[in-house]
Amino acid sequence: MTVRIENGYSRREMMTIAAAREIFDGEIVFCGTGISMLAAMAAKNISAPQSTIFFETGAIDSRLEEVPLAVADSRVMYLTAVNGGLAEAFATMQNRFTGSRVVGILGAAQIDIYGNLNSTVIGDYQQPDVRFSGSGGACDVASFVNRTIIFMQHEKRKFVEKLDYLTSPGWINGPGGRERIGLGPGGPETVITNLGILRFAKETKKMYLAACYPGVTPEEVQQKTGFALDLERAEAFPPPTNAELKILRERCDPQRLILN
Amino acid sequence: MKSSQNKVTTLAAAITSLIKDNCHLSIGGFTINRNPMAAVYEIIRQRKRGLHLYAHSNGQGVDELVGAGCVRRLEIAYAGSGRFAPTCVRFRKAVERGELTVEDYSNYQMTLRFMAGAMGLPFLPTRSGLGTDIIKHWGFSKELRNSDETLPKQKLVTIDNPFGNWCESPKLVLVPAINPDVTIIHVQQADRRGNARIKGLTFADVEQAKAARHLIITCEELVEEDFLKRDPDHNQIPFIHVDAVVPIPWGAYPTACYRHYDYDPRYLNNYRQAAEDDKSYQTYLAEKILKPADHQEFLALSDKKHLKSLVADPETGYAVGLERS
Amino acid sequence: MKSSQNKVTTLAAAITSLIKDNCHLSIGGFTINRNPMAAVYEIIRQRKRGLHLYAHSNGQGVDELVGAGCVRRLEIAYAGSGRFAPTCVRFRKAVERGELTVEDYSNYQMTLRFMAGAMGLPFLPTRSGLGTDIIKHWGFSKELRNSDETLPKQKLVTIDNPFGNWCESPKLVLVPAINPDVTIIHVQQADRRGNARIKGLTFADVEQAKAARHLIITCEELVEEDFLKRDPDHNQIPFIHVDAVVPIPWGAYPTACYRHYDYDPRYLNNYRQAAEDDKSYQTYLAEKILKPADHQEFLALSDKKHLKSLVADPETGYAVGLERS
Amino acid sequence: MTVRIENGYSRREMMTIAAAREIFDGEIVFCGTGISMLAAMAAKNISAPQSTIFFETGAIDSRLEEVPLAVADSRVMYLTAVNGGLAEAFATMQNRFTGSRVVGILGAAQIDIYGNLNSTVIGDYQQPDVRFSGSGGACDVASFVNRTIIFMQHEKRKFVEKLDYLTSPGWINGPGGRERIGLGPGGPETVITNLGILRFAKETKKMYLAACYPGVTPEEVQQKTGFALDLERAEAFPPPTNAELKILRERCDPQRLILN
């Protein structure tokens, strides 16, 4: 991840900026720890100054002067609109009027073609081969908000036909899948990996390749994906601009606590 | 105890009298902030066993209790400590080795479970969980649930909305209440009766506190009663819920306590490294936790200059410019 | 509107643009404290009609809206103004004359209904109501509920606890959520984006605010954004819920606003006397409410010395020694 | 009510002191507006200094330096343990651990022999002859707390065979009545009227006359009661002491805002 590529930026920087570009001005941005937090900070500083950074721990509209290393970091509590708690934060997302303005940024250990996520176990739930942290707020966010952006490492064992455990709902099993189980219409919109950008087809809700980073081919992406991807719509992804990189590096994470 | 006028006691006495082997315990805080670490370490020192632990995302405290072998069963949403441990290491090992029974919920579900307990309700509804394996897979089997009356008979129950499609919610997940035997939280200020003030985010501490049969509050500062009562809008916990008040400065260390001190990146990084290996973890436990007689001795193991670097800046509430890599 | 950076507007503009005839409205405050009276009087001046009003125990505001003929339907727990009117007079007359359809709940039920709306849930459970006529008797008939999609199909639903006797609660009453078209609350401080701070008891204002599709905040003081953000533990409402901010000193008068002014016993006593008689009430309405163009002119009808006697003592937050008989 | 009787105290003063005597030290006292608030203040100042005065509006452990004229009066917000809201206050009563330590003081327009209360309407609910304020928190308190004390004016039309509307549950229809409908075991314990004190028989949960004030006969009480009362157990009620009256008059309501 720390490998620098041709014109002087890392894949991790590109991922962050790709996510930042997905955030609309005025949106309420739910973010977790690490790269998703940095993406929200980058969006706020670059293209979405009226967006509101928001944490499941209860902080709304944090003024992030240093990058937090967890969503409970005291740095998220500084100059917020309200310091509440988990109950208020998740209610804001489940709320019909505010939840519809929230974009959630999530990560996971596994993803399937419909954008359903696993962040709980690999193997059998009762006797797992690998145990992860568990849902945290991921299931809640994926269930409540208007749309989600998902960060993934692009590996075959992570893009799978069938999840070992469905922690957070995506499009479930295709069009109408969410509605059938009782959820609202919002769902995953974009998957940002270290290779490119994937989106979901309107008609099928299946993941397709939307763009490759410079130097990445659609075939490479398919090779590292455990299910068949539509590669036909893949475009070249515009690399980070100098302005974007400058703000990301100098204003968002000058200590390179997350970028490295 | 709850109506007594003076609940101030020592940590050792509070843990001895209220934490019994096999009891149901919940601890406050979130990942690397305001975990009641002094109390966690005292529980480890008193070698409590068989705890049934409830948490949402209380990373560091949970991992140390699990690592020290105090925990029999864990109900949790998230076991991580932010960048210091995306998955808590001793937790991960214990689960992968089959040494710990875990029941998974989401953060909101756990919050609602504590909230239901605090509200005196058997359950609360949410839309979170529909369609997921959190509903399908039970960590605690039906047999266990049927044989242990301290557990609800079901993990979660899905129902149709009895009000039709009111609020566009055709289905709801009901999450069962938690009423722990004991909750322990760490706060910035409390008075001797137990009125308490949390500064910064409250996480789910207030719900966890009010859901419990017994409540231990550890605090940075013990203040005069009228100090808190003069500004009651800023207090969250009235004394009527409280059993014991333990003044213990740096009581959340090595996690942070907003406006008092930051988390200790060096400690947390060292902890993770120690946790990766069983032998080095036993050394950590013996040297860092069990050898010191109490939290003061534990703190004395860190050099004063280092601790001073963690002291919060009065404006921002954290240690500005702290070396955190 | 909610994401705009400056939501400051006049009361007349806010009421004109957001309060439509027949809309569903809820107002904050409790009996004789922090009712959004300036907004209530502006609604009366703009002769809004057919309002569907939700309140828990918001005495004075409710009674004046009912008395002025603005209200078609009322869902409420309590219509009283403490010692000044054990039952609100215009409310009582309107109900006894069949001019107002009322649906009765308890205070906690109404609170939970707003809370459900704020939480994005169709209902919340409680044990309150079991065995009472609050469940049996419906003010809104089945036919009305079936024909009006802005109403839940049932008033209340009783269910068996799906978790058996967990928490010793074999049965629960489910109360349906309220999502008003508009909520109006009066607070002590707000900034131009709508971040708001309530001092003293919050009643159910926060739940009412967050449950609403649109939110109007009237405030005693408009403050700089960073003033509130510097102390976020003391704020309750983030700007993301807010549509309009209206600075309006004495905006809760003649009800109290903690730390700013007390309720006006003379006004409230005179009001009750006027309310007892239809003719004197019409005179009250014409002279006191409709004649003044706005809240400032309304306030100018009271002599300054009298208003000054209501100003809150800085230590206690109320007017110490105020003549209240 | 303002009539002074033989040895220099009013019936209203006697009622207040009778209620204050019913409060145990260390209890959490829920009180409403008026005489019930004064009773809580009297108890706190006379015999139950460790009791905690508590209001449905969210104030816990108020330091009442002036008598409030409503439960939302700013006077209840002064020097409290916590200033919350209705949600917290009612949760404290529904809570299994704190609710069992709460004594509630209620009033009503009608009461039946099982202590069920009406504070909603006289006549038909849809077209009432008289409309009252409604439940407020009364139904909640009567449903949740450990025990209740009820203030009533003693009139035949108020002590009725059948309530026009059951607002707040008492013993419902006798032993096991509460449990059958799903409520906890706590219920009404004492009814304090302007004539005397009534309690509920353990075996039948029916109201009986426990004491008459000086100058009141059991027969007079029966005459003003719309159902048959067991009068056999009626004792003479010890009148207010000078110390009690002094504190009530001088410390609790010196302005006689409620006593008059």
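For clarity, chains are labelled A, B, C and D in written order, and residue numbers in each chain start from 1.
Operating definition for what follows: contacts are C-beta pairs under 8 Å (C-beta built on N, C-alpha and C of every residue); 3 or more make two chains touch, one makes a residue touch a chain.
Computed from a predicted model, the values in this text were never measured in an experiment.
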Q. More C-beta pairs touching across which pair, C-D or B-D?
A. C-D
Q: Provide the C-alpha centroid distance between chain A and chain D, rounded to the nearest whole angstrom.
A: 57
Q) How many angstrom lie between the CA centroids of chain C and chain D, rounded to a whole number? A) 27
Q) In angstrom, rounded to a whole number, how far apart do the mean CA points of chain B and chain D lie? A) 40
Q) Quick one: chain B and chain C, Cα centre-to-centre, how many Å? A) 38
Q: Give the residues of chain B that touch two or more other chains, as numbers and ranges in rising order.
A: 120-121, 126-127, 167, 169, 172, 179, 200, 233
Q) In chain A, which residues are in touch with two or more of the other chains? A) 59, 77, 83, 94, 96, 144
Q) So how do the chains connect up here, line, ring, star, complete, or something else (other)? A) other
Q. Can you list every touching chain pair?
A. A-B, A-C, B-C, B-D, C-D
Q) Tell me, which parts of chain D touch chain C in their complex? A) 33-34, 56-59, 65-66, 68-78, 83-87, 90, 94, 96, 120, 125-140, 143-144, 165-169, 172, 177-178, 181-184, 255-258, 260
Q | Of all residues in chain B, those that touch chain C in their complex | A | 116-117, 120-127, 152-154, 157, 159, 161-164, 166-167, 169, 172, 174, 176-177, 179, 199-200, 233-234
Q: Could you pull out which chain B residues touch chain D in their complex?
A: 2-3, 5, 118-121, 179, 195, 210, 212-213, 226, 228-230, 232-233, 235-241
Q) Where on chain B is chain A touching in the complex? A) 29-34, 56-57, 59, 76-84, 86-88, 91-92, 95-96, 98, 104-109, 111-112, 115, 126-134, 137, 139, 167-172, 200-207, 256, 258-259, 262-263, 265, 312, 316-318, 320-321, 324-325
Q) So in the complex, which bits of chain D are touching chain B? A) 26, 28, 50, 52, 59-61, 63, 77, 79-83, 91-99, 101, 144
